[in-house]
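Some structures to go through are shown next.
Below are two complexes that have chain A in common, paired first with chain B and then with chain C.
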Partner chain A sequence: MSEHALALERRAVHETSNAVLGMLLFVISEAMFFMGFLAVYFTAYANAKVWPPSGISIPPMGLPTAAVVVLLGSVATMTMANRAGRLHDQRRVTVWTGATLILAAGFAGLLGLSYRGLGFHASTDIYGSLFWVLAVVAIAHAIGGIVFFALLLAQARAGELQLRHDPLQAASIYWNFVAVIGVSLYVIFYLANAGSK
Partner chain B sequence: MKMTGRTAFGAALFFVVAGLAYALTGTFEGGFPLLMVAAVGVALLGSHIVAAVRRAEREIAAGEHDEEPIEPHVGPTIWPLGYALSAVGLVLGFLVDRGIYVAGGLLFLAATAGWFADVRHQWRHAQEEPPDPGPPLGPDTTPMADEGVT
Partner chain C sequence: MTATRDEVLPQRPVSQRGAVLEWLTTTDHKKIGAMYLVNSFLFFVIGGGLALTMRTQLSRPNNHVVSTDFYDQAVSIHGTLMIFLVIFPFLSGFGNYFVPLQIGALDMAFPRINALSFWLLPVGGFTIASGFFVPGGAAAAGWTGYVPLSIRQPGAGQDLWALGLLIVGVSSILGAINFIVTVLRMRAPGMSMLLMPIFCWATLATSLLVVLATPVLTAGLMMFLSDRNFGTTFFDPANGGAVSYWLNTFWFFGHPEVYMLILGAWGIVSEIIPVFCSKPLYGYKGVVVAFTMIAGLSFAVWAHHMFTTGLVPNLSFFAATTELISVPTGVLFFNWLATMWGGRIRFEPPMLFALGFVAMFLIGGIDGVWMAQPAMDYSIHDTYWVVAHIHYVLFGGTLFGIMAGLYYWFPKITGRRLNKTLGYWHFGFQFVGFNVTFFPMHMLGLQGMPRRIAIYPESAGWGSLNLLATIGSYLIGVSIMIFVLNVAVTMLSPATEPADPWGGNSLEWATSSPPPPHNFDELPPIRSSRPVYDARKALAKVAAAPGETGAVS
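Let's turn to the complex of A and B:
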């Protein structure tokens, strides 16, 4: 390998953030995880005469809709935090990360409330199993996001995000993924079944 | 890095071809979207690596010296394992006995506090002892015999 190629290689390695690369790998594996469950859901849906199965009542849409709106709002604030980080504006990074943390907590809370008193359980049938597994995993991701944003906020307040921007990028990738999953589950479990019963 | 990026794009192409073949011949409806998700994921990884190589090429062309990354050394920490175990506790609490929730929840809080403390300790340590930047990693200013050869 020539000196030039070696220098390019070493610099390219330095240009690659471990946090961002690790988050990308994590998100890819998580996407496969969710797709596996959604594939099972759609296979069951395609083979069922009635969907959702009889005895399952469609959950009310008010709280899940509010949760999705809050989630989309948190994506906007996360994007602003990421942008402020690129511009090295520490004050705005702190403000937008704090706003994202509050909205993420609101999303998790609304999601949790929307799952109360549904009238079916994980052991009811395949719909119940898939609904609850995906619901619990979605809430777990929201809680993971809250922990992540709290850590970022602590780093932002300490001025550490002035030194490096990649934790914000990684958080942005993670939260955008959570938003895609949240909106997908809302469409599949609520909107698509809205006119069923 | 360049080769890794190309390999990732090659893998993405492979998944696309495999997905199309599966869509035409397979019986499980979920196979095609799963292979497509894998293709998009690997392509995303490849594009991230290729973007890093291009940034490096631009910087070398502009004659900028490389700087040692500020990212501190992240020491080993046991707390992610605590998180994983707390997730097991929470899932078992959901499926088996609600009482296990408490153990899972307590472990979750302990792992959060421990991990935060570890990260803060590492940052404080890194600020007290900044890493030795060492010699610049950019191309030497002296002409080289094989300069221009890639």
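Let's turn to the complex of A and C:
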């Protein structure tokens, strides 16, 4: 193997940390998990004469829209925390991670509120089934993020993030993925159907 | 990294209770790997017991050894356990133990996640098997759990089955992430990807399949569980769902799964054949390309499991992709044969099992080529032909590979070499028993005997071949008892094996048997894919010319 190829190989292998690569792979597997549900959604959507099939109305969009806005805000603060971590600025890391934690909790809260008093159940039809199962999955992911950020805060306060910055990077990858999923679900369940009733 | 783990951690005297606790809480990849192997063997005995029960029931027409209800449960749990708790974890166990050693690493990338991956396995496995002890019995809709049959089975058996699979799935996803990061980032200096032992490549390819395919099954199992318990309508056509959603999520996972179950065995055999032929693996890069191609193609073939359902609009596409897989698989066979060609072959037990693997897997592979033809598949679908095929691939293939691996690596794990004579008897009984059991199933399939039936009439004319298969299955049982005896006898002897009892090639043979907790005191230089062979050769050169030792160095 030539020197150049060796150097390339070394760079490819050693530039990321184990935690970042591990999180990247975890997110890929998560994406495949959601693909399973989305494949069912789109097949059912394509085969249905009316959507949702049993004629139920699409839930109101106000709270979900607010939730998505808060989610995107938390992605911004997470990015800032990540950047502060790269610059070894512990105070800013703590501030931005704290802000992300609060926004993530806000996102979870708004999502939870938006699920109240809907006129359909998981057993109503395939739309209801997908809606409710993915609602639970979405909340679970938000809670996962909250736990993650709380751990980061503890690490930041203990000064551990001074030494290594990859936990922030990993959290950032995870949270960006949650944002992609959150926006996708918003588009699929609410926005794309906004015209119908 | 200069400090070894022993220098970092103070050595404490370990009491008896401490030793048990040490195993329960260990994050050492070697201990976890050994626990994977023991756990897999435990479930192998359970699954094998169910298989012998089924064979006893089928030995004669109109037989009534067990009830038909129990038979259905035995079929389902046998298949599920053998695939998810035996074959795959056996390969993961070898991966855990030997991937870090082969790449010259201290441990896996995430040792604690590694321990979690292991401990989820027995939890998931016993969740599945616990179905036998609840009202209504265990899952009885086959290892594929086809809806609506599985959704409508009363009792908790199917729920335990799905929940157990969910847990096992999480275990394998976490394990796969761990393997990928370990292989990509923990290799010793000098070991580029293309100098890596072929078993590590097999583990890498397997892990990529797990990361991409298993989560889809997880999604399917969540739909399955919520349909059964929370009234959702994923698989209910009356409410906008469809049965095909289960078929597609299951088989989108299920076909890559087949390669998750065989790639590791290919890796083991590709390690063993060169060692026992005293030659390098022929066409190393070809094998790597074949592994990669097979892993990629395995995502484009799943619909061949559904040829006869009427759901597949383009039969010929999936027939073609399936046939295409036989090309890289054929490459592997040529590589193994060319490695043996002109080699000085030593017929030790590991090599015998590896040769058995090559021959039996060839038959299983050719069975598959036939089934990939939709026209042929229409007549043999759901017959005993399919049972013959899967067992030639997974038993004749993977399990022979696993046995080869156990005989090959046993000295490294325990410091003791398994008895050769008993090894020959084990191989003889297993090889003959296997073929007597499963070859007649081809004929039974062509005669139209459906799979998963507990009772058949005498007029069907299937009695004598079934009796033959049952006799064969008992021979397999005897072979496994010989293996257990061999392990027991061997473990009573002192651990005296040297670091490299076989004349190996890869780095696991560069450390003591069994290896110290920190794996290596010193690594040989890595300049080829056979560093231990290089070191041995350099040493022999020095020994052959004692007068010139001053000139060397």
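The criterion applied here is as follows: the second predicted complex is superposed on the first by the 180 of 197 C-alpha atoms of A that agree within 3 Å, B and C clash if a C-alpha of one lies under 4 Å from a C-alpha of the other, contacts with A are read in each partner's own complex, and residues count from 1 in each chain.
One rule holds in what follows: a residue touches a chain if its C-beta (ideal position, glycine included) is under 8 Å from a C-beta of that chain, and two chains touch if they have at least 3 such contacts.
Nothing here was measured: the structure is a model prediction, and the numbers come from that model.
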item	value
Which of chain B and chain C A:I126 touches, first, second, both or neither	second
A:M32 touches, of chain B and chain C: first, second, both or neither?	both
Which of chain B and chain C A:V147 touches, first, second, both or neither	first
Which superposed partner A:N18 touches (first chain B, second chain C, both, neither)	both
Chain B versus chain C as contact partner of A:L163, first or second or both or neither	first
Partner chain(s) touched by A:T43 [first = chain B, second = chain C, both, neither]	both
Which of chain B and chain C A:S57 touches, first, second, both or neither	neither
Set of chain A residues, in rising order, touched by both chain B and chain C	9, 13-14, 16, 18, 21, 25, 28, 32, 35-36, 39-40, 43, 122, 132
Residues of chain A that touch chain B when the two form their complex	2-5, 7-21, 24-25, 27-28, 31-32, 35-36, 38-40, 42-43, 46, 122, 132, 136, 140, 147, 150-151, 154-155, 158, 160, 163-164, 166
Chain B to chain A touching residues, read off their complex	1-2, 28-31, 33-34, 37-38, 41-42, 44-45, 48-49, 52-53, 55-57, 59-60, 66, 68-71, 87, 90-91, 94-95, 112, 116, 119-120, 123, 137-140, 144, 146-150
Interfacial residue positions of chain A with respect to chain C in the complex	1, 6, 9, 13-14, 16, 18, 21-22, 25-26, 28-30, 32-37, 39-40, 43-44, 47-48, 52-54, 121-130, 132-133, 137
Chain C - residues contacting chain A, complex	109-110, 173, 176-178, 180-181, 184-185, 187, 192-194, 211-216, 218-220, 222-223, 226-227, 230-234, 239-242, 245, 248-249, 252
